[in-house]
Amino acid sequence: MQEAIISKAKQLLADGTVNRVIGWKKGEFAYDITPAIFESAEEIDADFVYDDFTSANVSKYLVKESKKEGKILAFLKPCDTYSLNQLTKEHRVNRENIYVVGIPSDGKLDAEKIKAKGITGITGVEKDGDTLKINTIYGEETMPVAEAMSNKCLSCKSRKHVTYDELIGEDGEVITSDRFDMVEKLENMTSQERYDFWRNELSKCIRCNACRNVCPACTCENCVFNNPDSGVENKAAADSFEENMFHIIRAFHVAGRCTDCGECSRVCPQNIPLHLLNRKFIKDINSLYGEYQAGADTTSKAPLNDYTQDDCEASIVHERGVE
Amino acid sequence: MNTFTYYPGCTLRTKAKDLDAYARSSAEALGITLEEPKDWQCCGGAYTTAKDEIATKLSAVRTLNAAKEVGRPLITVCSACHNVIKQTNYDISNDEEMAAKVNNYLKLDEAYTGETTVYHYLEMLRDVVGFDNLKKQVVNPFKGKKIAAYYGCLLLRPSKALAMDDPENPSIMEDFIKAIGGTPVIYAQRNECCGGYITMEDKAQASKRSAKVMDSAKEQGADMIITACPLCLYNLKKNSGSDLPVYYFTELLAEALGLKEANNE
Amino acid sequence: MQRIGVFVCHCGTNIAATVDVKAVAEALSHEPGVVISQEYQYMCSEAGQNLVKDAIKEYGLTGVVVCSCSPRMHENTFRKAASSAGLNPYLVEIANIREQCSWIHKDIATATEKAVILGKAAIAKVHLNTPLTAGESPVAKRALVIGGGIAGIQTALDIAEAGFEVDIVEKEATIGGKMAQIDKTFPTLDCAACILTPKMVEASQNEKITIHSYSEVSAVKGFVGNFTATIKKKKRFVDETKCTGCGLCTEACPMKKVPNAFNLGLDNRSAIYIPFAQAVPKVATIDPNYCLKLRKGDVNDKVCGKCAEACTVGAINYHQQDEYIEQKYGAIVVATGFNPIKLDKYDEFAYNQCPDVVTSLELERLMNAAGPNGGTLLRPSDKTHPHKIVFVQCVGSRCDDSKGKPYCSKICCMYTAKHAMLIREKYPDTEVYVFYIDVRTPGKNFDEFYRRAVEQYNVHYIKGMVGKVTPKADGTIDVQASDLLSNEQLHIDADMVVLATAIEPDKTARPLATMLTTQMDTNDFFTEAHAKLRPVESATAGIFLSGACQGPKDIPETVAQASAAASKAIGLLVKDSITCNPCVAHSNELMCNGCSACEKVCPYGAITYQDKEFRMPDRTTAIRRVAGVNPAVCQGCGACTVACPSGAMDLNGFSNSQIMAEVDAICK
Amino acid sequence: MNNNLKEQVIRSSGVNVLKCMRCGKCSGTCPSYDEMEYHPHQFVYMVEKGDIETLMKSESIYKCLTCFACVERCPRNVEPAKVVEAVRLAAIRKQGNNHLIADNIPEMLDEDLPQQAIVTAFRKYTK
Amino acid sequence: MQVNENKEFQPLIVAFCCNWCSYAGADLSGTNRLNYPTNVKIIRVPCSCRVNPMFILRAFQKGADGVILCGCHPGDCHYTSGNYFTRRRMTLLFSMLDFLGIERDRTRVEWVSAAEGAKFAATMNEFTEAVKKLGPNRRLEDLRCRKQ
């Protein structure tokens, strides 16, 4: 796949379709892949990487990049195209300045999961059917692919590209996933159990803002948490309000806009399952106001900016089964 | 499903055996099971409205609690019992102070605070059996009979507690009469007191009142008058001086259902 | 540095009796920025306002907090005062310590504590208030009058007289209302039709007045000076513009057994009908519940069609549909009137059992020359002359809430005296008894009128109440009642019983109040803005009250109020523009993402986007798409502020930080 | 005027006599009116005045049929029957004031008399 | 939150009321002298849709034990559609709070018209009682342990 992508990138640079490419390059470790801009074939040959650890969603970078001169080439996995569509709908990107090449994805790996098996010194991986061969500085190790798969990919919702100018490989379909299972499991707990769960999880937060910074929906010019008029500004001497409510407010801000890309949980250094908050909103929206997938198109009204006269009352929350 | 706790009351065990027997056999024929609680007591016959009268309310509460324990609604047939039990239940549900006092006396395992639903037998016919269904099961309709329903005071009042029917323009007994094939007679005194309660105190007044009721019914062309109350029946029959026949409504019910012969055998 | 003045009102004892106003002023004086904290008996009085004005000048105040009654009551008063002393009126905040504190609490300690907290919240807010300047919005020069009874007609005539367009919306097929059904009027005994019908005609002929009969107001949007109402013209199956009111159709109609609503069901009419001879508009209407053709469901079916055949102008249209008209209005006058209550709950009076027990309004029809008996008083049951008539007062009025209406219906004592007198005048052989609890006759020439009934016409007034009415087999009615003065229980063998039935607001009033966002009391009478000083205005600006929709009234009172409401409406309509609310949304362009969320939730289309060039911190310039608010169109609901993900959108007067400050002050 | 008695009657009846608007409907509907010396509305009014002893001495307290017509029809929800009962209780609770004497009962009986007549008589007229 | 060992727990209730219906309804309960507890403190907003979920969270975090939001009845919004947005926003917010294990009865939306003074008072009485039963709000205030 990497070869196909690289040759496509070089071709489009060469024929002048685009003047930049956003892709990925290796970091300190083999599994540490980060987005990067390439402006020439040479740069591409030197650093361009696309492998099973390449999960980073580059759409958010396009907010800035698409406003610059010339067209930029972006390789988007199916899930990334939802993010881009949502950004297009909110006028956050200039879609005309982006050349999208859809690339297939059969799921990305989570290095943390491999490391958790006691495998260290990873230099590369190779999929062999259901088995994952891992090259390490200490020799080759194996483990089932499924066990190394990133959580967000395990509950993948779609293999379909919702926007692209060109595709590499065949397009996939929207698939049924079990992504709401954990939300449901929590819903079935008692209120106290849920509280204990979340208190335990949220207490781990170190407010590094990684979730916010990676989120393709969080692209505000100025985040409310930085807005002195919002009343929730993140000041050094601020009281604990923003500290305590950060994740609720953040989840509410992206409600109806979150495409469920799962990046927030992926990047969380404390492994807080933040995506569950977003999924709870998605699940509620689907069941209360009809199925809605943010980013599936660029024209529909976001559920929170819409209503019907027959919407349920808020008391529906109170009327749910008594514990 | 259609099983109810049934409270006959003491008069139905003695002077008003008919009222009871016809009620039971008719219920059975209509697919209703009536279960008598083990040890019920006399309800006291008259409800004392006084807030500082607690002891006189206890026996009714015991009956209500017995029904609560088996988890079924309570059915009564005698108007007086119904009135006493229903008013007791209403007050204990709405007057916390009284409920507390009653429960202090009774020392039940679990306080009784009005949980039991109380129906009069007529309400059971209307709301459980349905007058339309009843009509289908009638074998001896009272065709052409002009029947006057006598509610008296106990079945309807006070309406906020009894809540059976419109206290001034009731229709439940008239609908019952229609169901058994008769023609109801509307007359003004149907919801006025016959003076039954005062029969021991002032017979003359009881006579005067009951005569007024009977005359009013007769004036409107009634062939007979029906009641749910043993005291009314006694008073209307004995003290009114009228020749208009007076029956328990259950007797007509049993007859309409073709059960009267069996009962009398 | 803020310099805030706090003023705590006693409102006589309205506040001071439950809130320790001195303690409140004391406590608030220690709040940051407060430079003066005073209490005074009546802050809204001239002297009270002067306190505020003087303090503004003396202390150079930058903000004013008045702890008093609801801002809905006097916010404007204090804003004006501040303004006249040179302080921007929007630097004034009200802490509502009357309606929302002293009037609902009893314990002085806790009420005072709450008042202090409410004061602190207002101070916290005023710290963040900014000076605002109000714009202006035009006034639509047209009034809407809802209800076409005597109240609505009078209001419309007065407004039209002043030169403004008026639309009357009447739900029945004709205007005229209850007064059209009345026979004679007290205390002068002149005929109601003789004084009403000329006014009806005048209304229909006035060029400024448009009458929408058989119509309802189905939606009202907007605000004072700028309401938009949707009027539903119900399908009457007759083209109003063609129908001449000749009545040939009503004669041709084979369905003659329709209860005549105008005569309260005392006789019958045809399925196609003109309510009464002087109806305005005099246009036929088909009652679809009775029309043989329309009841079929398929109008193309060849059933009947007699009315269409009879009509010489081709006005009948079985295919007619409801029509909706949208119109802009500057002012709205509510004149929805009253109805007698249903008597189902009072069947001890045998109303449902005996046709000869009637309501007073039914008696009006029975005595009216255009009524079912051509003006001869006959019993409905057997059309014989009644020789003994009993009137029962206060049926359903003055009751405990659980039993009926708690208020006095006000008009019954007088119309009963009128009825009694008219009957004795016309049928001297008829005995008339009136059972009363009190005879209430405050009004010019009213008590004299009642005395005439007693002294001149020998009507038997008996103090006591009827307990039971018993129809007897011989057709007479036994009326059992107490005579409190002679201490006996009476039985009267009457031929007719007339019940002075309580009156209640029309059932359409409550949904209308909700539509207009006006207040109503628990009895569904519209609440006036001030019980004494603003009796014809509702608390919602631009909505006025006319007639019995505001409380029981007789005809002269109704007409007086109708004219008063008209003059208030005219006072509004003569203005070319009114000051509009400066509390509108605004967008912080530096924060705006250009995402369009605000635009999608704005009900007024007040938000538009444009690409603007911005200098970025790195000295480059960038073109960004940003939202802008049109302050003349924005009404200040704030929907956009919450939809905005970045918090760029905020609302003047109710900004995020202001509300947060209030929350913090309350929760401290 | 006997304030203790008045208080007792008001407490026992649970009736707020001040709600009465003196329309007399209770007395207009009472089936025992002619048998009573003091009528339902007078009970309410006299309790308000505190004139309880007069009522206690009157035979009227035994003439009420407890038919609740006055309770049902009172426009002000005053419940005069409860006042009558409270006054009666105040009377019969006094030592030796039982209105029904057991020894007198047999002669009142007849073969059809339902026992509820006897039970209620005891309940209403004795302590 | 005012807790006194000997005294009954007195919850702090913040009520956001829209200016046109509910605030007027609250005034009407005052005019009609219909009591409700002093625990309730009203904040006036132009429309229920002005209430940002942040305000509600802020109130809880600062010590409120219950927050109620009152607006015009659906269909009767002075601004045509504001309360429809409110309804969706609050439904989702309340559902999220429930999901986080916050007691459901601490939040409520009630539609109170300007004519419903009695309903306003009754609602406030009920709501205060319900919150009283729950006791002080600790969960939301402490959703995140204080950092060490």
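Before moving on, here are some points about what is shown:
Order of writing sets the chain letters: A, B, C, D and E. Residues in each chain are counted from 1.
Basically, contacts are C-beta pairs under 8 Å (C-beta built on N, C-alpha and C of every residue); 3 or more make two chains touch, one makes a residue touch a chain.
All of these numbers come straight from a predicted model, not from anything done at the bench.
Touch-path distance (fewest steps) from chain D to chain E is 2. Farthest chain from chain A (centres taken as the mean of C-alpha atoms): D. Chain pair with the larger contact count among C-D and B-D is B-D, by C-beta pairs in contact.
Computed centre separation for the pair chain B/chain D is 24 angstrom, with centres defined by C-alpha atoms.
Averaged C-alpha coordinates put the centre of chain B at 48 Å from the centre of chain C. We define each chain's centre as the mean of its Cα atoms; on that basis chain A and chain E are separated by 35 Å. Across the assembly, chain B contributes 168, 192 as residues in contact with two or more other chains.
With touch defined as above, residues shared between interfaces to two or more other chains in chain E number as follows: 53-54, 58, 62, 81, 85, 89. Each of the following residues of chain D touches two or more other chains: 69, 72.
Which chains touch which is summed up as A-C, A-E, B-C, B-D, C-D, C-E.
The touching residues of chain E, when paired with chain C in their complex, are 12, 14, 19-21, 23-36, 38, 41-47, 49-55, 58-59, 62-64, 72-73, 76-82, 85, 89, 113-115, 117-118, 121. Those residues of chain C whose C-beta lies close enough to touch chain A in the complex are 588, 590-597, 600-601, 609, 622-625, 643, 645-648, 650, 655-657, 660. Of all the residues in chain D, the ones that touch chain B in their complex are 11-14, 31-32, 35, 62-63, 65-69, 71-72, 79, 81-82, 85-86, 89, 99-100, 105, 108, 110, 112-121, 123-125. Against chain A, in their complex, chain E makes its touches with residues 53-54, 57-58, 61-62, 74-75, 81, 84-85, 87-105, 107-109, 139-146.
On the chain C side of its complex with chain E, the touching residues are 70-73, 96, 98-101, 103-107, 110-111, 113-114, 117-118, 121, 221, 223, 510, 513-515, 517-522, 524, 527, 539-540, 583, 601, 603, 635-639, 641-643, 651, 654, 656, 659-660, 662-664, 666-668.
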